[in-house]
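Chain IDs A, B, C and D follow the sequence of writing; residue 1 opens each chain.
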Amino acid sequence: MSAPAIELKNLEKSFGLARIIQGVNLQIAKGERHAVIGPNGAGKSTLFNLITGRFAPTSGGVFLHGEDVTGLKPFEINRRGLSRSFQITNIFPNMTVFENIRCGLLWTMGYRYSFWHMIGRQQDVTEKAEEILAQINLSSRRNELAGTLAYAEQRALEIGITIAGGADIILLDEPCAGMSHSETDLIVDLIRKVTEDKTLLIVEHDMGVIFDLADQISVLVYGEVIESDTPDVVRASAKVKEAYLGASLEA
Amino acid sequence: MTIASKTPLTAGSTRLISLSNAMPWAFAALFLLCLPFVFQSNSALTIMNQMAITIVFALSYNMLLGQGGMLSFGHAVYMGLGGFFAMHVMNMVEDGLWLPLPFLPIVGGLFGMVFAFLIGSFSTRRAGTVFAMISLGVGELIAACSVIIVVFFGGEEGISGDRTMGPPVFGYEFLTQQEVYYLTVVWLLLAALLMYLFSRTPIGRIANAVRDNEERAEFLGYSQRNVRWISFCASGFFAGVAGSLFAINFEILTEENLNLATSGSILLITFIGGAGFFVGPIIGAIVFTLLQTVLGLHTELWALYLGILFVSCVMFFPSGFAGLIAMHRRPLALGKMKLLIKPYLKVAIPAITSVLSLAAVLEILFHKRHGYGGDHEMHLYGIAFDSGGYQAVAFATIIAAISLILVSRVLPEIREAWDNANHAEDRA
Amino acid sequence: MALFLVNVLDGFVTGLLLFMLCSGLTLIFSMMGVLNFAHASFYMLGAYFAYQISLVTGFWIGLLVAPLIVGLIGALIERYGLRRVHKYGHVPELIFTFGLALLIEETIQFFWGKSQLPFSEPAALDFAAFAIAGNAFPAYKVFMIAVAMGIFLTLLYILTKTRIGMTIQAALSYPETVQNLGHNVPLVFMCVFGVGTAMAGLAGVIAGPVLGVFPGMALQLGSIVFVTIVIGGLGSLWGALVASLIIGWLQTFATAYDVTAEQVLTAIGFTKPEMIWDHPLQDLWTLTLPQLGPILPYLLMVIVLVLRPQGLMGNRES
Amino acid sequence: MNKFNLMMATALAAGLVAGAAAAQEKVRIAFIDPLSGPFATTGTQGLAIYRHSVKELVNEPGALLDGNAEFEMVPFDNKISAKESLIQLQVAMDQGIRVIAQGASSGVANALTEAVAKHNRRNPDDPVIFLNHSAVDPALTNDKCQFWHFRFDANADIKMDALTDDIAANPDIKKVYVIGQDYSFGKAVAAAAQRFLQEKRPDIEIVGNELHPIGKVKDFTPYARKIVGSGADAVITGNWGGDMVGLGKAVMGAGFDKPIYTYYGATSGITAAFGEEGDGIVKLVGAGQVNPAPTLEAQEFIEAFYVSFPDLDFGQPQMANVAPMLAAAINEVGNATDIKAIAYALEGMEYDSIVTGKTLMRESDHQTIQTVTVQGQTPEAAFDYDNSGRGMVAETVVELASNDSATTCEMKRP
């Protein structure tokens, strides 16, 4: 059995006195679709930021395929095959949709910091970008500025950029936030399609989406994982119910 | 700021530049080659050379500001250092080093790049305000060093040389201003083309991405610092090329090639021209050089006008002249330019009049206050009059007021025409 | 020793003067995120207005009125200029204030010409307060210290003892809390800009008679002010104070002591080349500390930024 | 509106044509100096002195080619930048002007003299002559001398010679502090001070000799402290512009009440800035003199200047010599087009100036030898500076100053 795709060991993060993440241990196997749920303020986004290198953890470690990536910069973690999306849309607003996708491709397709290739002449990049555009249904918007797209389209583009580089671990932070039902269905289909054979870690509030997509679910409450199991087990867990109920009562 | 790469894509094209993209370059080359037949005087050639140098410099600056989102207050340093180094090499050529003059800019460029590499190692870690402040500090530091390190900078009088001492190239010794013009123009086209192509390489595109959203770029595998650093080095190279061209043209470099005033004016040039567009700095450089040399001949207040133009540019059309032109692409594509022509013509006369008469008010007031020793006879727009009394000021003010009122009357019409011209379907 | 004492005092005056500019700049930057490139231009405006007013009413009225006018102009510029540019982003804001600096300099030349203006200290303060070993310490400088300290204490009081001050202080560390000021954020911004520029104007009034009133006075001080707040840490008021004093003393002492590179180099065992004027390192050998004085702040800034990018006392980056 | 615009356009066009057509019997002199920016006052004042001397000494008396020709000053703003100066030189030459006058900043003069030499070497049939009216870096008439450059001001060494005469005659001075701007001119002043003092008064101790960065010092107080602390009896400085004001005010503010010998410690706002404090303290060395007017003609000439230019100063008397000396050279040649012959005529010319006495353009290095005076600031000057009620009055007068001084110039003549 190979090392888990993502492994968190005693991960902690404090902001000043506030301990946001307090000793999280988690293993996500290769090819697994893993969801993190929890009440507001449980530290889900912080957990994502710790895994992807946006924040450095206070203590503990993050391992990708058994390799210690704790404290590495986001781009270094990305180069090890991890890609993420953001809760608040995070795209390149002044570039065209096509160029947004293409930027997601360049590093992994080996162009890196090249100044000796003419980007327009690289058929492989162009074709791959067109392919992804088709996947996320934005081919018709190809030459529009990303900043001018509708919200749902921007969310799709966000996912497109995230998966473009072909990372084998994908982290999606609330991909369906703020979407209507029909839009959500489309996005879920899209996620399912583009994360085929990949490891997926997703944070989402929409329980329908979670139970629809996930193989495994972890429940994060006040910076601690209180349960991590299959959807059926989690659904039945008294601990989880209590935690959700307690949190909502407190709130 | 709307800094966007709006050029159409040339996906699938296998040529370096597609035919439609090559046309403007061919035209520009032809135009530049023919110019000396129209403007034959040495001073016109000198001004054109200066324009060409400023264009190269401004384009290199825009690799930072427009393409990479780095606001620098010290870019003159890289041009100046490249130029100083080129000047030293020119003097070595005089002492027997074999280097034909046309290759000098490569030497200066490399030096500019090496220096950009060193400074960039710490200045490109952050963009925004911190980068701007470091560039300012480094700029002041180098400018101040220029009077201390006399061996390299020559102190206050600078370093001079003679370009004609190198081996002749196809029989040319670069004695005349015209020969220098052609040398400068070839380098202008070469440098501009290379910078254009740079913006179309992977790193050029990623520089745009980092400019737009540095964090997102990091999550795509790119180190924002490295991306900026590489752009910075490339920009340093072309700044050095501009410096070398300066050395060839003027045969002297002084402290003013390094100081804050020069760095500031290149920011002004790039911004007025339009930092979001490749042609922006070119337009800016042409406008600025004309303002400085031609307007400077006619009025002492040229710098005031330039300041007013700059501030109003930032406030009212932050995408610069190029942005103003680009705004008309859509009406043009819709075939609706004719809707705009009439209101434009209608506003042109009062607008020009108001600008001229406002300038007249300033000129008269200035003349009243600082004119040569109580001599109130003044010539403006070919009219001689007395600036001493209040009649002249009052007259100019009234004209300015009337024309401004007329302009404001036409404005709603323009706005409406503009809306119409930008809509695919005619509004009822 | 006597000279040392005089230099401590002189450096203190320079540092406090710098702080008067830096504190306003820091306030504006912390609250609005705008690095006001034209800050030193408001300092220059203060000096020019005070000169003009003093021609009619004498120095003291000018001291009171000129900063008010400068503050008013600052507030108007914020209201009708900066606020407009704000929506384009931070870089255009910075460029706007840069353009403003150019424009103010040109406007001043338009009205007052290009020469240095004869603005002198008021007769009441035109005497030597005391002398240390023959070196007179002008009463006017004592007055400068008093004004600067007064401003500093007032600022300290407002920031630590009043409600608005506490909010402002919170905003220095956590920009998000600016929203807590309620829905009248634009008005607060306008006032902060006005107060900040008025302080610069006041600095101009009191510095004018000592440092001279001429169109280049803004440029001469401008970059040093930015360097100071970068060294101190952008947005840190205490950092601005510390950095101002460091730079004040650094420049004073660098000029005061004639340490030469030759002394240093010989001390550490190098021998001076005989034909110094043909030597490639001639500039190194002939270097003196006073020569280096004006570039020391820039060197310090580069060093600080390399070692500690957020500045001496800054706690947030950019 | 339409009509007005049209009228303006035609007026503009007419103005341009008229400007081009009126240039015939005029001999034009390109005046390339700063007319905008921080040093504009210097340029504006120089231009006024030129205009005044052209009018009073050449055109109105009909002194050029028996009244058949006139001088015309054509101002070019070089913004005190070397680059701009070269562009303006090019513009001037394109307009057919072959006489170039410049003076503010030795840096610019260096650039111009080299550019003129290069142009004349590359175009031997169409040379240009460079009349330097106030750039005083000694190198211009020594190591960097060239045939087409003529200096009408006394150079830094000559001035220092006169200045040290004044110091040598004052037995109270035992310690001297030399301070200047860190560039070629400042260094030249310091070197000359050391040399002449050693020669004339070996007992005088130079207690300080230092250079400060040019235009970068905000506050001269620390320098002033050092000067006072050194116990100096006199200060010598070549500072100009803001550096002069800053240094002077700081030194006097620190309680220094002994003579401050300057090269440029007056006019351009400096006298007004020093005010009463500078009376009896600030000394100035310069060519010629204003107070008292050396001749009756000078008296009238300067009075007329102040009538025409009440806001400006008659600050650099030697500048009034350029036009009449050039006119004399042209008269000797008989035409204004043979620049080479005119240059040869200028060489070695002797001229009786109303402001600088017996004046000689030395052949060996093209350095003018003339009366140099050391002047002191006082409220009792007939012609004041900066409308401040005080001016500079000559205290020591040296005729044909440094006539026998050596030069390293090896003049190459065409």
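The rule is simple: a residue touches a chain if its C-beta (ideal position, glycine included) is under 8 Å from a C-beta of that chain, and two chains touch if they have at least 3 such contacts.
This structure is a prediction, so every number in the text was calculated from the model and none was measured.
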| item | value |
| --- | --- |
| Given chain B and chain D, the chains that contact each of them | C |
| Chain nearest the global centroid, as defined over all protein CA atoms shown | B |
| Remotest chain, chain D as reference, centres from CA atoms | A |
| Intercentroid distance (Cα basis), chain C paired with chain B, Å | 31 |
| Centroid distance [mean C-alpha coordinates] between chain D and chain A, Å | 74 |
| Centroid distance [mean C-alpha coordinates] between chain D and chain C, Å | 36 |
| Chain A and chain B, separation of their C-alpha mean positions in angstrom | 43 |
| Multi-chain contact residues (two or more partners), chain C | 113, 291, 294-295 |
| Chain D: positions in contact with at least two other chains | 36-37, 40, 182, 213, 216 |
| Category of the chain touch graph - line, ring, star, complete, other | other |
| Which pairs of chains touch, using the document's own definition | A-B, B-C, B-D, C-D |
| Residue ranges of chain B in contact with chain A within the complex | 2-5, 8-16, 197-198, 200-206, 208-209, 211-213, 215-224, 226-227, 230, 234 |
| Touch list for chain C against partner chain B, complex | 35, 81, 84-85, 88-92, 94-96, 98-100, 102-103, 105-107, 109-111, 113, 219, 223, 226-227, 230, 234, 280-283, 287, 291-292, 294-295, 298-299, 301-302, 305-306, 309, 317-318 |
| Contact footprint of chain B on chain D as seen in their complex | 1-2, 4-5, 8, 11-16, 18, 35-37, 40, 44, 48, 51, 76-77, 79, 81-83, 86-87, 90-91, 93-94, 106-107, 110-111, 114-115, 118, 122, 137, 182-185, 213-214, 216, 308-312 |
| Residue ranges of chain C in contact with chain D within the complex | 2-3, 6-7, 10, 14, 113-118, 120, 128, 131, 133-136, 138, 210-212, 214-216, 220-221, 224, 251-253, 255-256, 258, 288, 290-291, 293-295 |
| Contacting residues of chain B [partner chain C, same complex] | 1, 65, 69, 71, 73, 122, 125-130, 132-134, 136-138, 140-141, 144-145, 148-151, 260, 264, 267-268, 271, 301, 303-304, 306-308, 310-311, 313-315, 318, 362, 365-366, 369-370 |
